[in-house]
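Step one of this worksheet: look at the structure below.
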Amino acid sequence: MISVADICFYCLGAMLLILAGLTVLSKNLFRSVLAFLGVILCTAVLFISLRAEMVALAQLMVYVGGILIFVLYAVFLTSELGGKMPDPGQRRTFIAVTASMFSLAVLLGLAWQFYGPLGAEQVIEPNIASLKSLGFRLLNPGPDGFLIPFELISVLLLAAMVGAIAIAKQSAKSGAKS
Amino acid sequence: MCFHDSITSCMLTLTWVLPLASAAVMMLFPKDRSGLIRWFTLTANGINLALIVLLSILFIMHPPVQTGGTQTVLAFSANHAWFPLLNIRYHIGVDAISLSLMFLAGVIVFCGTLASWQIRERTKEFFILLQILAAGVFGSFISFDLFTFFVFNELTLIPTYLLIVMFGSGRKEYAAMKLNLMLMGGSALILVGIFGLFFSSGIHSFDMLELSQIHFDRSFQLWAFPALFLGFGILGNIFPFHIWSPDGHSSAPTAISMFLAGVHMKLGSYGCLRIAMYLLPEGCRPWMNVFLVLAVAGVIWGAFVAIKQKDLKYMNAYSSVSHCGLVFLGLAALNSIGLRGAVMQMLAHGFIAPAVFCIIGMIYTRTHTRLIPQMSGLMASMPFLSVCFVLAGFAALGLPGMAGFAAELNIFMGAFGSSSLAKVGAGLAVLSIIITAVYILRGVNAVLHGPALEGSHQLGDATFAEKVPLVMLLSCILVLGLYPGPISTLLDHAIQPILNNLNR
Amino acid sequence: MDSMTTLASYGVLILPLLSFLLTGLWLGRKNWIASACTATFLMGLTFVLAVILALGYRTQILLHPELYPSATSVAWEHSWMTFGPGLAAHIGFYLDPISVMMVVVISFISFLVHFYSIGYMKGDKSAGRFFPLLSFFSFSMLGLVVSTNLIQTFFFWELVGAASYLLIGFWYTKPSAVAASKKAFIVTRFADAFFLMGMLVVGTQSGGFDFLHVNDPAAAVILNRSVGTGMFAFNLLSVSTVLIYLGAWGKSAMFPLHVWLPDAMEGPTPVSSLIHSATMVVAGIYLTARLFPLFAAAEGTLRVVEFTGAFTALFAALIACTQTDLKRILAFSTLSQLGLMMLSLGLGGSSEGGAVQTLAYTASMFHVFTHAFFKSLLFLSAGIVIHAIHSNDIRDAGGMRKSLSWTYAATLIACLAIAGIWPFSGFFSKEEILQSALKGGHYIALAAGLLTSVLTAFYMSRYFILIFHGTKRSHASEHGHDAHEGILMVLPVLILAVPSALIGWLGKDFFLAHILPYTAGASAAGISESHESGSFSWLVPVTSILIMSAIGAGWYFYGRKKWSAGFSEGQEPGWYRVLRNKFYVDEFYGFLVRKVAARFVATPANWTERKIINGAFDETSGVFRRLAIRLCKFQNGQVQVYLSVALLGLYALYWIGRMVH
Amino acid sequence: MNLMGCLVLSVALFAIGAFGLLTRRNIIAALLSLELMVNAALINFVGFSRFGGPSTGSGTAWHMDSQAGSLFVLFAVAVTAAEMALALAIVIALYRQRKSLDLRELDSLHG
């Protein structure tokens, strides 16, 4: 029995995959980035439909607000937008197709092996991924909480930012010199 | 003199600890103090040689009484757990075979140190590596635990490689790589065989003496024996796996050529006797015919190829192939005379080939060539070296009164007293003494005799440091050749358990 | 055996060895005169001891046949190496008629040669090296003749070879000497390999190496069996004795292994003298005589001995007639005489009767004995001539009668002796040989012996006349410094002239009475009976007449008609060229060694070694190297390739894991 | 809309990402493909968090922490952000040095 939610899911999934395909196949880097934006938006919608609003939010904020901006900056700084990207060549394509097909086959096989037969008796969790509960969980210093990983992640992010700036800046200096 | 057992076994351990320790100490020496390094190495090796001589005297005074069974009775033995999880033990001891080879190794290492006296570059590295090499060999000869034996055996390979590459001449990279690849290949076979012995024994032991009492499954013996024998045979220079040795010898510096020919190869034939034949008697009999054919082929082949060599070192290397073939012929005779002859030939060749290499090295430092056609009439300018060369050459061609003859006589007699295939093989091998005479005399005559070359009068004879090793080696050759009675009796006792096992 | 004799027997071996060590390690390098005198003195002492030994042997053993029925004893014996029950090698001292005779002869001649060498080597830079080697040579030969067993024989046999190698190549800067030394060693070594083989077969199969054991009829019975199958079936006794005889064949330079001996005269003349008379070449004869009972038991072996001897005797005598080198003529005469000795030893081959065998054996030993004296005399006097004319070529000699009068006399005696003129020593021994050939019915051998005798007389008269008569052709004497005879060199020659002349007469009866093979049926009675029956007395006048006429012919051609030593360029007839070139045997060997052995054995072997065996290794490692180069392509630094490999590898591992479970 | 659907979607996305990672010659494009793969993982996390796993009999063993799935996604997103920041900084530095972003030319690890 197919519900409306299912149809929405399938449509969303199809869109997601098409956009992903565009991301990896488009000859133009800018289009590729745009398709990737689409992928992220679709994923966010998917997360919402899976009742993970907090995650969707984070996804949108970090990816669209952060990563994608980075990427666009990088693209603008490095490439001419209209240019076609070079072709990978037949052999590489063949190997890549083989590898990805193997990935598909092996992972699907594994998924089927462990979860396929259970499709009918799914346990649908209650709505536990609400913003509030997650937030409490995240900042809980107790044994159940994730305060320490949270803080570590923030330190990591900070370090990464500093590092990124340092790398870009240092090479800029040396580039200016040369 | 009466020493407590623990003291003598400690002395035995010291024979490999001392070189290793001296290598470790030398690492702390400043690089540029080459004189100090040389003297230090010489002292260490001299002490080691004295130690071995002392042990030999003790051994001769109280030889271990063989019980007449199949188990070798060791002298100076010690047996400690080393890695109990795999039942690896530090089991050392000597019988007449290994002790005589220890003596050989001691003399060769000492002489090799003296023969390397003139090494001027990277002296420190040279002597450190030499000492590690020596430690590996001494350790191998005293080990009666297969695993320990193997470890010590492997310890010799890498220093050999480095020594040839760093201090060699000619196509040294090729030669060193070839040598190491082939010997490593041999080691791989040995390792397979050793693990086979370990697991098939049912007692999970690496101990040779315990394993010698086990009756292995016949089918196991039939595949393990060739693996072990061939593995050691490659090291022992068996035809057609001898090809590492000519290139290796000729590229190596003098001391290493001496060491390879004198001691390292003997480790191979020793392994063939002590491990392959002793532990796997049933596998030995059917396979021995194959190895007999290889041995005789090596004897004749090496001699014929030696005739055509222009490089003195190559000539001697192929002569080694021929002489090592005789060792295997003796082993293949499978009787006490043959086995004894094989061990005596190990000793004889162990003294003769290094002596020749030593002389060739000394001639090379003077003439800067080793090619026979480029030399002539050196007798006039270097009489001492020439006399030594003639003597060593006579020894190599098996002149009575020299070590080679005593050994060859035993081998031929053993083979004549063995199977009919062995008789035919012995007949052919006897004929090789003609070819040996041809190439030895060709080398000696071309190099020493004939009109003297221009300017050869300034070349100068051997210095004192060069005379010492030559005199030592030649006296060993002469003593062994003139008076082989006592050592052959001692060897007889040591061979008896192996033979009993073979006849079981 | 009293202690004096035993002591003498030790001394006979130890003194030459001592001389070798003393002069070789110490004196020779400081002062050659001191070393020469020491060596000569010690050899003289050795001779004295040898005489003492011989007298002791005679009084205590030889004259007590009731105690020593075969007149054989072992003075002392020390174990050298033990091989198994009964199989042992000893160093010992064997006493029997021929060993004692040889000890006396060797020490006597060696002493004289040492003495002579003092004069001969004067002025030679390397004289200090000469005497130790000479002593060593004598020591080796003495050790050989007193051997108690085959292994000791082989031991010293090889030492003799080595010593001769060193002595022939003594003047090592002379390429011809170097080549000759190598040739001598390798040719004899070739034979020795067979000797070793035969010895091992005899020893291991019969269960002992001692002569007392091997010469026992029981040993021959054990060995006398057929081994092998089909085409390879052979009689063990025949094969092993022929193998041993091959050793003697090479050492005694029988055709076709004779090639080393004429070249061996490249060494100093005293060495040639020693080699040709007492030390080296008679070793082969001696070995054959030593194993005579075993050989006699073997079917056919003695025939081989006989025919090699006969052929060599004739062959060498023919060549000797055409040579122009002084020492080479003598060398071929040695070959020819050795052939006679071998022939004589082989005469017992087909005869059943012990008497012929015994007579022939005795004759052979007798000839060894007499030959040693006159041959060393010939060489030593040739050395004087060579010293005088500074040349080896007989065409440079001539008219030396006046300046070398003592040598002239001595050489005359020696030539008469070797030619076999009564009453010189050669006559008696040669006569015995011919008689036994006749008595045994070996007419081929008899003919060969007769012809050889005639030829010998001819070429010796040629030799003698060309050197001492005629006009002086020597450049040395033209240039004023007249040839002279040093007393040091003449004295030994004169001493040797005495036994050369007389020893045959004096020794004949002794030999006939005592030098006997200890085979069954050998007895002095039988031999003297057959000898004195007189039925063969026509042989003596016939041979004498033939020899006299040969000498006359020599005199006629070379003395009266003044033939030169050889034909001049271009006028040489073909047969003469063949003879002068020694039947091209050397050339044939050269072809065999250089072309056949080198080109078809050693070169292909070397090629196979380099290309195939080493090539196999290189190819194997090449396969891996090429594989590695292929694999290197994955390591091209491109992260995507690494990723693909990693991913595919991951799945491959996954797949393998699934397969395994 | 069930676990299997999520898994299939995730696997497909992963495969597409892998394909892109292996074929794209531009570093930035390759990084985008990498992000696709990360996204696939995220979907997986969320899917499991939503639908749970297979329920085993007792239930107690499973009732671990469904929130953890979502929380892990949060952390993963953060780490990805850090990674991308660094990667793009390197890309810019690289471009300045080499004037090229072609992965084929970046083979200084060539053996």
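Going in written order, the chains are labelled A, B, C and D, and every chain counts its residues from 1.
By definition in this document, a contact is a pair of C-beta atoms (placed from the backbone, for glycine too) under 8 Å apart; a residue touches a chain by one contact, two chains touch by 3 or more.
If you're wondering where the values come from, they're calculated on a predicted model, not measured in any experiment.
Between chain A and chain B, the least number of touch steps comes to 2. Separating the CA-averaged centres of chain B and chain D is a span of 63 Å. Chain C and chain D have centres, each the mean of its CA atoms, that are 96 Å apart. Averaged Cα coordinates give chain A a centre that lies 6 Å from the centre of chain D. Between chain A and chain C, the centres computed from C-alpha atoms are 101 Å apart. Looking at chain B, one finds that none of its residues touch two or more other chains. For chain A, residues that reach two or more other chains under the stated contact definition are 92, 95-96, 99, 103. Chain contacts: chain C has residues 640, 644, 647 touching two or more partner chains. Touching chain pairs in this entry, ordered by label, are A-C, A-D, B-C, C-D.
Across the complex, chain A is touched by residues 1-9, 11-20, 22-26, 28-29, 31-33, 35-36, 39, 42-43, 46-47, 49-55, 66-67, 69-71, 73-75, 77-86, 88-97, 101-102 of chain D.
Residue ranges on chain C touching chain B, taken from their complex, read 79-84, 87, 89, 151, 154-156, 158-159, 162, 165-166, 169, 172-173, 175, 178-179, 181-182, 185-186, 189-190, 192-193, 196-197, 200-201, 203-204, 598, 601-603, 605-606, 609, 613-614, 617, 621.
Those residues of chain A that touch chain C in the complex are listed here as 92, 95-96, 98-99, 102-103, 106. Remark: chain A residues 3, 5-6, 8-10, 13, 16-17, 20-21, 23-25, 29, 32-33, 36, 39-40, 43, 46-47, 49-52, 54-55, 58-59, 62-63, 66-67, 70-71, 73-75, 77-79, 85-88, 92-93, 95-97, 99-101, 103-104, 107-108, 111-112, 114-116, 118-119, 121-125, 128-129, 133-134, 137-138, 146, 149-150, 153-154, 156-157, 159-161, 163-165, 167-168, 170-172, 174-175 touch chain D in the complex.
Residue ranges on chain D touching chain C, taken from their complex, read 18, 21-23, 30, 103-104, 106-111.
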